[in-house]
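Shared chain: chain A. Partners: chain B in the first complex, chain C in the second.
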Partner chain A sequence: MNPTPPDSYTSDPAWADLLPLPQDDGQHPLAQIAYTEEYTEAMSYLRAIMAKNEHSPRVLQVTAHIIEMNPAHYTIWLYRAKTLLALSAAGEVWLGRELEFLNDLALRHQKNYQIWNHRQTIVEAVAAAAAPAEQGRLVREEKEFMNIMFEHDGKNYHVWSYRQWLVRRFGAWDGELSFVAALLERDVRNNSAWNHRFFVVFGGTDAQQGGGEEVIEGEIRFIEDAVFIAPQNASAWNYLRGVLKKAQRPLSSVESMCLGYAPLDDPDKITSSHALDLLADIYAEKREEHGKAVKALELLAAKFDPIRANYWNYRVGLIKAAA
Partner chain B sequence: MPQRPQVRSTRPKVIFTHNKMSATSPSSSVSSSKAPSNPTTRTPSTPSEVFNDILSSAQPPPTYSQQTWNPSNPYFPHYYSQNMSTTATSPPEPLIPPTPALFTTPPILHDTLQTPSSKDQISTAEICMKHLSNPSDPFPILSRREHIAFLEGGILGVQNGKLHQAMVALDASRPWIIYWCLQGLASLGVDVGKYRERVISSLRPLQNESGGFGGGNGQVSHVTASYAAVLALAAVGRGDDEDGEEGEALGIVDRRTMFHWLHEIKDWESGGFRVCVGGEEDVRGVYCALVILALLGLPTSGNLVKGTKEYLGRCQTYEGGFGATPNGNEAHGGYAFCTLAGLCILGEPAVVLRKHLDLDRLVSWLSARQHAPEGGLSGRTNKLVDGCYATWVGGCWALVEAGINGPQDENEEALGEKKVGGLRDKPGKGADHYHSNYILLGLTSAQNYFYYTSSPIPLSSPGGAGMGAGGY
Partner chain C sequence: MSTPAPPTLQKPKHVKYWLRCLRTCLPTDYTSTDLNRLTLGFFCIAALDLLGSLHSETTEEDRAGWISWIYKNQLPTGGFRGSPAADLGEGDSGSEWDPPIVPASYFALVALVSLGDDLGRVKKRELLELLPKVQRKDGSFGEWLGGDGQFIGGSDMRFVYCAVAIRWILRGREGKGVVEGIEDIDVEGVIRFIRSAESYEHGISDKAFGEAHAGLTYCAIGALALLGRLHPTSDGLSTHANILRWLTSRQVPSQAQDELRDEEYVRHIANGTEQEIAAGAVITYGADGKPLWAGFNGRCNKKTDTCYSFWVCGSLDMMKKLHLIDFNSNRRFLLEKTQHFIGGFAKLPVPGTPPDILHSFMGLASLALMREEGLNRLDPTLCISMQAKERLVNMDWWRDAAV
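Up next is the complex of A and B:
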């Protein structure tokens, strides 16, 4: 689908009908890039083809060539997508091949927005033409490829965003929880995985899985286990707060768990600054326990998390102002 | 909600007018550094205060090495307590103050379980501790001259007036290179007005007839390229145009077609903005569109921004930070800045920041972004520090502070410096124009006190860091 680019567009008869269009950089341009001849030539032929609004197979050739040299060239990607959709509608290309092209690029360019936006466009088009069973296979294959991406970087923002789009778009919630659990098994501090867990458990915004009492209990047990092996893991504690808020449970419902990691009366045994933080919030809710809240915050400022001393002192100020 | 304690700042003030093309205090007050506090009246009480005082006392030169060590100087209590006995018996020598222990020792709490995240964290912390413990140069003075040379190289080119061919990766981001370098130079006190003509002639071919700027000539209009172009034009300000008349460089922007194009990229269903027609939608799109509207004096209320405040508010996650979209993305420093800045353009900070988000969770999450011992800021929970978050996260503090006069940050950035000029993500990485600009902007946000006024102040000629502060 992406034939090898010619050694020279100028001397290739397949391109002879086009008059290459130069780039207008204006007078004395700033931040001008010393392009290679290869890039300059390919770009000037692409401009020529775009000026004709041509959507033919050779567009795929020149766009793939430029993307190889500069994968962040969004204009090229948009033109390629338009061409692919036109050719696919005419039955001249099979879009599945484009996904293979994207797999290779995504693995080589981890921090790129365009590849994933393009992938979304293509997958939408493939799905629109597919029977339900084929859609299922498409989603499965997409997830399999993302798993390979996550093996390289379990926190790749673009891949996670794409996964959330895919899961919601195709209602592909099945298996997501065990997938997240496996990632957390590998790295319990992978905050992206925790974030995805929240997305899955609470079904994004449409509360697809609701989160009944049983679900909440299960999540709290999961958090307890995670905190037990790494008490100083901020991801798990942030998630705990998120779950409690979503379930409309008071913070005080986890007081005893917090005390296990932050016994206020025995500061030498404190193993988690996050437990202290949570205790401070629990005790700040009741006036008669303000003293304990202040103590927790002072421990944080002086000893257990001094880089945030100003924040902890600010919280002490809030408590004193409320008194 | 309890009354928030008011925190008075001694940092230089940067005024900007809500929702108006920026007005700033005279650039001298913007670029001048905080005067060292009088050691006889105030003793720093927390490690971060000590750190901040050391940093602020270093500007302007003389440098530490030119100071004579005085054991009674309360600036350096760590050294004082450790070295009293030796300094009492030997004559005082010129010394560099030691780094507070917070930045030279691992955190007091650490789990025994090792995972990929904790291994990355430990190795980064070790590199930073090595730099911060370096007795000859723990907090290097900003190498102003070298950074100026590096950033000038970004716009003027390094070989035959051009950038190296490897920069082709930024061929769809040329307004960004120009903006990063100009803003970085302005932050260093360079008068960038001298580039006015060339900025105009460089950006003019990037503007499309149907509105907006592309990342290069002939490229589709993109909201981030348009944002960078508008900021670059604003940075070079007023001057004589080709026709001999004096005017704003921003005058080359076709406001009518720009306004029309912004309507094209608006997602009327969600309230968000796409980055280009057919492109991805996230809060970068919203933030860039709103900055363009504000700087061009186009309406930031009305139909075009219908549903946008709510869109931004929905991006807050259970952690307190903001994701790229309201669709469940992870909280991230860059998107947090875009969201907060966007809200502060759409409404009065004190109103919108309370109405559309959970401020307490936000402040908690933001304050957790600073790591010790590294001292730098991270963009997400359990991720590594990176110099550019000095702006993305540090800038959030300026907005939060401007809106509610809340807690002050203690951001600092000392690790990114390289001898040849240019600033970088973290030690071990290469310098680039992006990080150079955002680390300098982060320094600016840590050294200035930002607030807004409700009445417009006439536009003054841009200069120093003020324009950057006015930009958001």
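Up next is the complex of A and C:
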């Protein structure tokens, strides 16, 4: 589908009808780049064919060629998508091949996000033409490919964003919770995986969404296990705050858990600054416990998280001002 | 034992670095930023402005030339393209494949203001009219408008910030309009979108249920500031207390292993002995009991990176809470771990990482917010020098509009 680019567009008969459009950088250009000759020539032909708004197979050739050199060329992706959809409607290309092209590209350009926007367009088009059973296979294959991406980088923002879109678009919630649990098993500090857990538990439609007492209890047990393994893991403590808020439970409902990691009367046994922080919030809510809140914050400033001493002292100031 | 040299901003080297970026071709590696040349150009201009060298080290003729070049990227129909690489020739300007780009238009305006231009040649009406057209129903903005009226580009806070900044620059502080009778954007929609993207961690993400991210948080807070909705009693964020915890938590002490290359790091974590892993996690403390070096990460449990020293400090500065971070260790992180000996800053504290334009600007910008000696002050909201902002708000057309 992406024929090999010619050695030279100028001497290729398939491109002979186009007059290349060279780049006019003008006088006094800013941020001029030392382009390769290959890029300069291909871009001249891209501009020429874009100006004609042509949607033909050779568009796939020149766009693939340039994307390889500059995957962040944003208009080229849309131009390619439009061409693909037109050719697909005419029965001239099979869109499944585009996904293979994107797989290879995404693995080599991990930081690029245009690839994932484009992927969304193509998957929508493939799904629109697919029978329900084929849709299931499409979603399965998409998830399998994302797993390969996560092997390289379990925190790739674009891939996680795409995953949320896919899950919601196709109602593909099944297996997401165990998938995320497996990732957290591998790295309990993977904040992206925690975030996805929050999406899976609270982000679905009513039918899939938990939020009931049983679900909340399950989440709290999951957090307790994770904190036990790594008490100083901020991801788990942030998730705990998120769950409590969703469940409309007071922070004080986890006071005893926090005291397990931050016994205020025995500072040598404190193993988590995040537990101290949470305790400070719990005690700040009741005037008669302000002394304990201040103590937690002072321990944070002096010993357990001195890099944020200014912030902890600021919180002490807020409590004193409220008194 | 000799006393180590105090950390210093190598100002002459930075000036040289930026002049080199302006006067010679950037290396081929920058090809992947070819469509964002106005962005790169802005960083070069704004960096020299922060260094106080824009007017001493470049000539009147240079600056006039760069101003003309930026205007050359303005489309006849209004708005700017990101690069001459997108120019399809006279007959097709402003066509489907050479559209005005929202971020490019923002960077063009701030670069022009930094260069001392009065924006007299900006097609203000056309650019302002573009903004409501690229706003989606959910309040977010596209990157540009496709030929058939569809919104193009990711839907995230970067475009929200750029659109709102263009509006502020051209409409004036009160939003009353440089030009009468132009449809405004849906401001309440913007607020709703930002609120929907505040995650359970209370940083801002790309959309509802996305992961909190410091760069996107900066964009959201900047947009709120420019809309006059950042005040603690305003409704732009859940509460300032929540966001402050998340923002200040981004500052993390440097560990020995932060200086490993990616592949070495992976090997170290997977195959290191217990002693090696313990050595990798070592933090160096100063006499005051605080870590000597502490930069910022962009998400929870990620590594520090020069650019987040700006995204986080800029956000806190807009909230009037920059004093809550630890200045000294951020300064030392930048000056001793990522400042490069040829000038500029590298992205990571990994020895051998070359400087690049984005991170070199962000390093300077973070230092400027902390009032580093020898640097001009930076306006955290527009991301230009205070002097440049003063020039903008004192332009006749701006003052009149703001009445």
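Observations on the model:
Methods note: the second predicted complex is superposed on the first by the 317 of 323 C-alpha atoms of A that agree within 3 Å, B and C clash if a C-alpha of one lies under 4 Å from a C-alpha of the other, contacts with A are read in each partner's own complex, and residues count from 1 in each chain.
We take it that a contact is a pair of C-beta atoms (placed from the backbone, for glycine too) under 8 Å apart; a residue touches a chain by one contact, two chains touch by 3 or more.
Keep in mind that what you see is a predicted model, and the values were worked out from it rather than measured.
After superposition on chain A, the partners chain B and chain C are seen to clash. Once the two complexes are laid over each other on the shared chain, residue contacts for A:Ala322 go to chain B alone; chain C is not touched.
By the document's definition of touching, of the two partners only chain B reaches A:Gln232; chain C does not.
By the touch criterion defined above, A:Asn191 reaches both chain B and chain C. Contacts of A:Asn53 after superposition: chain C is touched, whereas chain B is not reached. In the superposition on chain A, contact of A:Gln23 is made with both chain B and chain C.
In the superposition on chain A, A:Ala247 makes contact with neither chain B nor chain C. Of the two partners chain B and chain C, more chain A residues are in touch with B. When the two structures are aligned on the shared chain, A:Ala301 is found in touch with chain B, with no touch to chain C. Applying the stated touch rule to the two superposed structures, the overlap between the chain B and chain C interfaces on chain A comprises residues 21, 23-36, 39, 47, 50, 69-75, 78, 113, 117, 155, 157, 160-161, 164, 189-192, 195, 198-199, 233-235, 238-239, 241-242, 245-246, 277, 303, 306-311, 314.
Listing the residues of chain A that touch chain B in their complex gives 21, 23-36, 39, 47, 50, 69-75, 78, 81-82, 113, 116-117, 120-121, 154-155, 157, 160-161, 164-165, 168, 186-192, 195-196, 198-199, 204-205, 229-235, 238-239, 241-243, 245-246, 270-273, 277, 301, 303-311, 313-314, 317-318, 321-322.
Interface residues of chain A facing chain C in the complex, by the touch rule stated above, are 21, 23-36, 39, 43, 47, 50-51, 53, 69-75, 78-79, 113, 117, 155, 157, 160-161, 164, 189-192, 195, 198-199, 202-203, 233-235, 238-239, 241-242, 245-246, 277, 302-303, 306-311, 314. Contacts from chain C toward chain A in the complex involve residues 21-22, 25-28, 30-38, 40-41, 44-45, 62, 65-66, 68-70, 72, 82, 84-89, 91-92, 95-99, 101, 111, 143, 146, 152-154, 199-201, 206-213, 244-245, 248-249, 251-253, 289-291, 294, 299-302, 321, 323-326, 329, 357. Residue ranges on chain B touching chain A, taken from their complex, read 2-5, 7, 46-48, 102, 108-111, 113, 115-118, 154-157, 159-165, 167-174, 177-178, 181, 195, 197-199, 201-205, 214-220, 222, 275-280, 314, 317-320, 323-332, 361, 363-365, 367-368, 370-372, 375, 380-383, 406-410.
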